[in-house]
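What follows is a single structure, written as structure tokens, with notes after it.
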Amino acid sequence: MSSHTELGVAVKNIPRADSAVVDGLGKMGAATVHEAQGRSGQLDTGIRPIQQDVCISGSAVTVLAQPGDNWMVHVALELCEPGDVLVVTTTSPNSDGFFGDLLATSAMAAGVRGLVIEAGTRDTVELRKMGFPVWSRTVSIKGTVKNTLGSVNVPIVCAGQYIIPGDVIVADDDGICVVPRTRAESVLAAAEARIGNEAETRQQLADGVMGLDIYDMRTRLEEAGLRYLDSAEDLE
Amino acid sequence: MSSHTELGVAVKNIPRADSAVVDGLGKMGAATVHEAQGRSGQLDTGIRPIQQDVCISGSAVTVLAQPGDNWMVHVALELCEPGDVLVVTTTSPNSDGFFGDLLATSAMAAGVRGLVIEAGTRDTVELRKMGFPVWSRTVSIKGTVKNTLGSVNVPIVCAGQYIIPGDVIVADDDGICVVPRTRAESVLAAAEARIGNEAETRQQLADGVMGLDIYDMRTRLEEAGLRYLDSAEDLE
Amino acid sequence: MSSHTELGVAVKNIPRADSAVVDGLGKMGAATVHEAQGRSGQLDTGIRPIQQDVCISGSAVTVLAQPGDNWMVHVALELCEPGDVLVVTTTSPNSDGFFGDLLATSAMAAGVRGLVIEAGTRDTVELRKMGFPVWSRTVSIKGTVKNTLGSVNVPIVCAGQYIIPGDVIVADDDGICVVPRTRAESVLAAAEARIGNEAETRQQLADGVMGLDIYDMRTRLEEAGLRYLDSAEDLE
Amino acid sequence: MSSHTELGVAVKNIPRADSAVVDGLGKMGAATVHEAQGRSGQLDTGIRPIQQDVCISGSAVTVLAQPGDNWMVHVALELCEPGDVLVVTTTSPNSDGFFGDLLATSAMAAGVRGLVIEAGTRDTVELRKMGFPVWSRTVSIKGTVKNTLGSVNVPIVCAGQYIIPGDVIVADDDGICVVPRTRAESVLAAAEARIGNEAETRQQLADGVMGLDIYDMRTRLEEAGLRYLDSAEDLE
Amino acid sequence: MSSHTELGVAVKNIPRADSAVVDGLGKMGAATVHEAQGRSGQLDTGIRPIQQDVCISGSAVTVLAQPGDNWMVHVALELCEPGDVLVVTTTSPNSDGFFGDLLATSAMAAGVRGLVIEAGTRDTVELRKMGFPVWSRTVSIKGTVKNTLGSVNVPIVCAGQYIIPGDVIVADDDGICVVPRTRAESVLAAAEARIGNEAETRQQLADGVMGLDIYDMRTRLEEAGLRYLDSAEDLE
Amino acid sequence: MSSHTELGVAVKNIPRADSAVVDGLGKMGAATVHEAQGRSGQLDTGIRPIQQDVCISGSAVTVLAQPGDNWMVHVALELCEPGDVLVVTTTSPNSDGFFGDLLATSAMAAGVRGLVIEAGTRDTVELRKMGFPVWSRTVSIKGTVKNTLGSVNVPIVCAGQYIIPGDVIVADDDGICVVPRTRAESVLAAAEARIGNEAETRQQLADGVMGLDIYDMRTRLEEAGLRYLDSAEDLE
């Protein structure tokens, strides 16, 4: 496979991760998944949710769109399956509102779980009411035209991450993480291991045990040369 | 009329659109109004509401202020009528908090419906409690002085749009649109026509009919050269 | 004291303002405190709360961290006392998620009232549920390492303000203000005076009295040369 | 005239200011012209020249283009006359390269003096060699399509200023100022008066006379309450 | 190949395009190459050259670095061959100065043609004097540490483009374009074809022939509905 | 000393570092000085020089100005001595042109070596011709008023650094570094030591010796777990 992004094509069939794995990653949350896969896969922090307290996961159906033109989103919707997440980027930066309540109605009918878009969305009040979650860079009243081809289900770079159709998207209030499809299962296992460890730690911290002790940091801090001073008067 | 923006003047009487038209536009929402007037009139997407789920419309009372100086907002309030919206810009970019709960109290007493400001606001908790809606670029604790003249009710550029006093402002969660006063009636008619068409479309989409079919896109996509591929293996 | 910021040190004991003064400032809100101390002390408006309708005050425990490294936050927590606020900056701009629900658990156990950070936070859903308030520049799923020393309780510049450990932080929905510890008492007095004056003014404004009259602005406006025009036709 | 911006039109004939006045303004420089017309007319500081040490003036031929589409620039070139300056904006923010050496060749053949664009340019090496000056927000290798209509010679907002075709543009290393056509003559007179005053002042300053004395600021500073302290020890 | 980016590895041998092809692309310039490969491959416009009038091409040796840590650049230099271009990105946004005159000395000794970095550089005066070209997001005096592993010669996303080691980089004053290695030859052919066509067009334009005629746009404009108006009075 | 920034004062006498030390630091360059003082003191990278190939050092005369108001710069000039550098910040972000050729004439007459300003400058062509170097955030044609007091020679935060009057400023093409006055001598010594070490290293690197060997990195890389792979096929 070349890293070339072909324009004017729509790939109908894409491989997807096992649905239990996809759902399992969604229960972990984006930050845990990011950590579990070796601190990689984070989309740019400028992509923000339009809603609160929602976490989704799904298989990426990718859209490469032209600025100000959402034609390819329509093409993509027909290729979606239940459990998918639309992931949209543009060939150059654009803030227009590519997506609104009508497209969301269609997406929900197809079982799409949400939208991640490196551009703008609109109808945010209705989208929240409908329960269709969106992560976007902007909110914009400016709609789009349907004039120029892009592509559907080709590998794209969206918000700084390379995303292959069928990769797993995990998105919540904290941001978005992409997990390569072929690693989804092992990342889920690593994430579950992390979650398991946290419960006991949380209780200890709540009881006032210092993280310095729980994580055994004191020796390393000393080795690194940290000097404790009694007061500001001891500063150079 | 010249495009010159005079400083040091306050125009007392401005023409306003018919109140039924203004109110009608407010029921359409900013995105629909933007579309209905030929996709124009959008204010910059960086101006964001401090509240959720509020849509207003009103006649623009314009303020050209100096950076860090809200003197002209006080002058403007005396010239407002019920149904107006304050629209404030500055002579150079400024993030200070020009507007807070005291000014909002005064504005509400005058029947002002809201504020759109290419600068900052403060007292956001109180403003939300009072139900006085604000769209601003920043939220800032820094108040302003009252030292240098600007103007009231002169044509201004605010957030990328040219706004003549009396133009109609429609603002909601998605953003802000300005409608020239002289076009308000025809834009309302166009917007109402759009809304009417959407109900049936929405039902079809909810039933799973593809937008590609409803909007008859398949032929155009084919003419534009879209190629459907069975799988990623068919990519170049 | 030099303005030099020493790396690799942690100061154990810092002076704090009287707790009644700290709490009193918290009742005033950040904007009033900013105004009361002569319109100074505002942190950059890009630092935003992750929650709504929360106002805190506390004594600053300062952290100078390396980009992508929250080791010093762990060191700082051990040095916190009830009523403190963590104030974290980095040696160069960084958007990573330095702080999450585990650190918040530890912080709450220590009586820390909140976090102000010139970087990112994560676990925002949990933090809101726990009631631990945070003001940050970004929200990010990317965690941090624990490899390189910074300092704790040294003077820092955070979001454009110079902050000495023990200075008082006031943070709410509108932003953040720092009050030098040695001025906290006099600033509180000035703030209380301001608040007292506002009640009557608010009632007058609600009754429709013009701010132009309450603040006696008409003469100054005339002296400054403001010209009232009857209509736009009178513009140059 | 309405503030409505019509799409799909090209106005063939526009009024222009007297060429001696246009040229005269070009000799003043953008900052002096801005000051002379009452500190108004400044385009956003983010629009920067791609060359150094060039100052131009000319009559604005305006282009409202769609994002990523420079079709209207081609239409505009046919309507240009010697002494014009192309002023291009887009219906939503766009960074693409709308203009390169081929368009510049055509523009120079038509006597166009330069380009001001709220978007991107390319072929900057060639443009500098050709001596065709450009002020743009970005430099971008991404070319544009020719698919969607905008307008030529309609009033536009470009970089925060309202510009009517035929208004005078003055652009140099410091930025860009627009002068309404109807005020061009009076602004030139005011600018010339300013320039005249500066020579003597400059000599005095070079001789070490303080601006405080030349501009007679000492009394006003005292009235404003400025306190001179002998040393930092006298600070509060 | 998975889209997973592995940390802690350095790949010693990478495939490279034919050197004649690489050099040929460098003669075309970034904008022409971008156009020739179907308007794809553009790196973000915020990455700017520190020098003027320089165009390079080369095979990408990729570096994935940690914020504020240039250790992997040292590792990469040993793996470079004459004709390579260093392409550096970080795991989260960082503005530090990763590269200066010492690294440039080493790079030039290895035959490296330049650096493209989604972060900062320093010693810009010396780099210009040495003739080592750099494209970076920032210029920064802040050096970096050498503490945490990243990777060398793994696929990366740099400035919005997915870059596989051995892909061809073309960078000049207008920006940067990446060409997938496997397409380099065909893109070069397409670029050469474009260049050939331009000479005649340029002469016609210089002679005053309208682009509207050369590119045969008049019919399409008419079909699209462009209306020519005699004057502004004919606007709606 | 409190961290309070008093408004409305001008401190006449400030301590300055030994002029030989100040000049010595200027010969080191900003990046070397930054490194020599423990990687601290860097001003924000967004403050850029308007000229190339200039390095200055000097004693900071600080100005805290109001947005859009350069009155305090006039006050400051009278308090400057030969060898000083003006360092200007504003009470909230502002892009206006605070400084032009007249002020530069006065500054040069007083022996001032340059200007560092967290705001805008103008007359950049003339300033370059005069040889008066400026580092600013913006270039702007918009002049300023002289209406509201700030302060001169009080401690300020400028571009993210706390600067006490008399601290040493080193500024060049790469950026700006502030050295606390009381540390100037020791920082100079450390910087000179660094420079001395570099000559030999540079020669080795030019001869093709790897930095990995010169800096003895191979063992540490191995300990950190770096794995060399023969080719991309060995990636996970």
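Before moving on, here are some points about what is shown:
Note that the chains are named A, B, C, D, E and F in the order they appear, and that numbering of residues resets to 1 at the start of each chain.
Everything below uses one rule, namely that a contact is a pair of C-beta atoms (placed from the backbone, for glycine too) under 8 Å apart; a residue touches a chain by one contact, two chains touch by 3 or more.
Treat the numbers as computed from the prediction; the structure is a model and nothing was measured.
Taking C-E and D-E together, the pair of chains sharing more C-beta contacts is D-E. Distance from the subunit A centre to the subunit F centre is 39 Å, each centre being the mean of its Cα atoms. Averaging Cα coordinates per chain places subunit B and subunit C 30 Å apart. Shared interface positions of subunit E, defined as residues touching 2 or more other chains, are 1-2, 4, 6, 39, 42, 91-92, 95, 140, 142, 148.
Of all possible chain pairs, those that touch are A-B, A-C, A-D, A-E, B-C, B-D, B-F, C-E, C-F, D-E, D-F, E-F. Residue ranges on subunit F touching subunit E, taken from their complex, read 30-31, 34-35, 39, 42, 45, 48, 52-53, 172-177, 198, 201-202, 205-208, 210-212, 215, 217, 220-221, 224-232, 234-236.
Subunit A meets subunit B in the complex at residues 1-2, 4, 6, 8-14, 71, 74-75, 77-78, 95, 97, 100-103, 105-106, 108-110, 120, 122-125, 138-143, 146, 148-149, 153-154, 165. The residues of subunit B lying in touch with subunit D in their complex are 1-7, 37-40, 42, 91-92, 155, 157, 160-164, 167, 178, 180, 182-183. Of all residues in subunit D, those touching subunit A in their complex are 66-68, 91-96, 140, 142, 145, 147-148.
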